[in-house]
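Below you'll find a set of structures to go through.
The following pair of complexes shares a single chain, chain A, combined with chain B in the former and chain C in the latter.
Moving on, here comes the complex of A and B:
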């Protein structure tokens, strides 16, 4: 088992009254599989993704539960060790790469930053690795993109560059938070293809956070359906899509079919 | 765009700002003026005709020596006449030109020995007159030392104090502001209360109090660094407060979260992903605060607490001009004030221009 979330509860603790936004959820991400965390807005899926890396925004905290990654409970690890895991073993792809890239630095410099922190490569080797990884995510003009600033790239290229950054240090798990929701339909299909290819070529597991069941159907091996901080249904993609039990899941699937 | 290359080179925000800055002619001119002033400071020992210690008491408060090019009706190379003086009925010296003695102004004149860049021993001065001639381009001070030379030497102290002071205080201010803003909460609270303690005391009195805490037997180099440290001690707090406010909002940006997600340490995030975004503010804040350091040093030296004679700084040169009587009969001792004024106004104009070019909001309004 690569990642196991056990009985995870997350609360808002700076309100007068404690409010639970993720309520005792448990799921697993197996090696070399894509697990989709599905739900509408406010279902707590993004929060769950951030909690996996212990990156909850201030005001939110884990009340109970465990996040076991490769036999270590991330919820109790010291910061030092966590920093080594972030980016190296677990990488994150954000929804909006335009704001997730620092506008002051070039794409190349920001991908290299991951390597600088997690590997001992010298600067020539780092650059070579950046070119390699950019090619891997399907960017042909790696040399040109390397020196571009984030706002110079098109949305699709930016998302690929973001994925490249996540993959730079060869992580075993990638958390992708709504990776396609800001892209148009053709680009969405391309990103789905890319994820499939990466999963096959790099032995990568993906925790896919999305509300798009169409994408789930094409990509995910297993599905976890969340509603208002609780898991309502989970199982293999085939089972869930073809035979949804919970009315909420049925509704989500209906939306896609229309 | 006349550029022939198909691919326009990516332009960073700073290049954009620089292009904007270059459009401001006045500020552009000030940059060159400042570079000239700093150049003068660096090459002071070469450019000045005399060393800062070279005194000849009989020429006390000698007025600026006129430079002539016409001798006995004929045009010649620039030269100066010898300086003579007699006492008037009030036992005051009256200087006159001795037209029988003529000293040509020569380039690369040999004179007082010095060490170029602190290492190469050298006797050549850019210009000067042969002994026993004496040339006072901007007049002489009480001990007959050349004011022009002393201003050049003084520029070293006065101009460098601004840069070093700003460097120290901005490093502290950025770091403290960055840490307070990034972490927030208790750390923020403590750091900001410390800042306020410094800001509460009026600057000049704090300056005096801190100077009083410095031992009296310091040599001039030690005094110099003591002044730099005192000045930067006062300057960092207000910057830290502003930077802290900016960091409070910057830390919520998604690229900060993304930087955390790739495993960067807090310090790396503050230094690489937060503070650079405050640069557009800090750059012009630096420019606008350098004059404060120059004036602070001048103020300390003026009242005799700064750089001590025989070493020169613009402030202690001006301390000579504290008496109105002296200004009346030797007005040239105000020259250092002109240099202070020039430097301060240059920094202010450049700072203003930088603010205009770095702030996109102002651009739209214009």
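Moving on, here comes the complex of A and C:
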């Protein structure tokens, strides 16, 4: 097992009254599998993803529970140790790539930054690695993209560049939060294809956070369905899609049925 | 027939050669012919940059067209000036993708709704208030929200407010430009259902613009596929989904319904002469 979330609770603590938004959830991400965290807006799926790397915004905090990764509890690890894990062992991909990149630096420089921090590669080798990883995510003109700024790229290319950045240091887990929601369906399909390829070629596990069970059906091995901070159903994708037990899961499947 | 587009064209200039003075254009809408029948919802589908949003804006004359005609209710709108457009404005409305930007943050919901009726000089204040109440009710919004402000609502609620605003003048044509794309699948479904329920009560036709065929097929009787400024295929919804002819339509179907990416095989060298070819059963495809 790669990642185990155990009895995790997250609360809003800057209100007069403490409010629980993730309520004692437990799930696992196995090696070389895609696990999907599914739910509507406000289900707590994004918050859970952020909490695994202690990236919760101010006002939210982990009340109890553990996030076990390689025998360490990420929920209590000090920030300096986490900095070595973020990007190296666990990478994150966000919904909106324009705000995730720094507009003042080229794409190449920002991917290289990851390598500078996490590896001992020299400058030539770093650059070679950036080209390699850009090719891997399906960007053919790696040399041109390397010197471009985020705003030069189209939405689809930007999303690929961000996936490239996430993968630069060879992480074993990628957390992807709605990675395709801002893309049109043709580009969505390309990103889903890319994820399948990455899983097969890189021994990568993916924690996919999404509201679209249709996409889950075509990509994930295991599914965790969340509603209002609680897990209502979990299991293998095949079981959940073919035989959903909870009415909420049934509804999520119903609305994307073709 | 509610509305007809004839050879509608809109090019956007992008670059001028420094020495040659030659201008290049993005052909956003490239000599498009198109008919909207009353009561027959139309879905316009295409990827980003295909020109579908520009087409929607041209239809409402939110931007001027380069050439061609837009005939609405027997009148060629392309010839009308701003003042002459006023009576037509209330018959055609639009709902935008992002309800966070389309509602003024400083306006209470009451003001948002009243502003939409500013050209209704006949109705009294009391009548207007009553219509607002009815409208909110049919969108399942509580009427006690009138003094609240847009930031107090979730994305789905805001989009319902935007729809209420657009329908309050009882338009004949409502253009929904990616109106549910930023919402999660459950809220998407809820809004689509509301729209279909409303249509039973009101004499309105929807022109639904989206990149996602899965959403479009739920609400449209007719579907048109747009690529590079041209309509490449149009047909009755069931027919198009079952017998997609153009490779681009097939590509969109594979992506939207099966989350599968298909390599692009077709080439695009359509001149302005390229027209849609009738394949029978009201199914039209571009090219030979």
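Operating definition for what follows: the second predicted complex is superposed on the first by the 257 of 258 C-alpha atoms of A that agree within 3 Å, B and C clash if a C-alpha of one lies under 4 Å from a C-alpha of the other, contacts with A are read in each partner's own complex, and residues count from 1 in each chain.
Keep in mind that, in the parts below, a contact is a pair of C-beta atoms (placed from the backbone, for glycine too) under 8 Å apart; a residue touches a chain by one contact, two chains touch by 3 or more.
Because the structure is predicted, anything quoted here is derived from the model rather than measured.
Touch criterion met: A:186 reaches chain C, while chain B stays clear of it.
With both structures placed on the common chain, the touch criterion links A:211 to chain C but leaves chain B unconnected.
Shared-chain residue A:167: touches no atom of chain B or chain C. In the superposed model, A:34 lies in contact with neither chain B nor chain C. Applying the stated contact rule after C-alpha superposition, one finds that A:256 touches chain C and leaves chain B untouched.
Applying the stated contact rule after C-alpha superposition, one finds that A:232 touches neither chain B nor chain C.
Contact with chain C, but none with chain B, is seen for A:155 once the two complexes are overlaid on the shared chain.
Taken together, the two structures place no residue of chain A in contact with chain B in one case and with chain C in the other.
On the side of chain B, the complex with chain A involves touching residues 7, 10, 12-13, 184, 253-255, 257-265, 268, 272-273, 276-277. Interface residues of chain C, counted against chain A in their complex, comprise 47-48, 154-156, 182-189, 211-214, 251-252, 254-262. By the touch criterion given at the top, residues 40-42, 154-155, 181, 184-190, 192-193, 211-215, 217-219, 251-252, 255-256, 258 of chain A touch chain C in their complex.
Contact residues of chain A toward chain B in the complex are 53, 55, 58, 82-88, 91-92, 94, 96, 99-104, 106, 113-114, 117-118, 144, 147-149, 152, 165.
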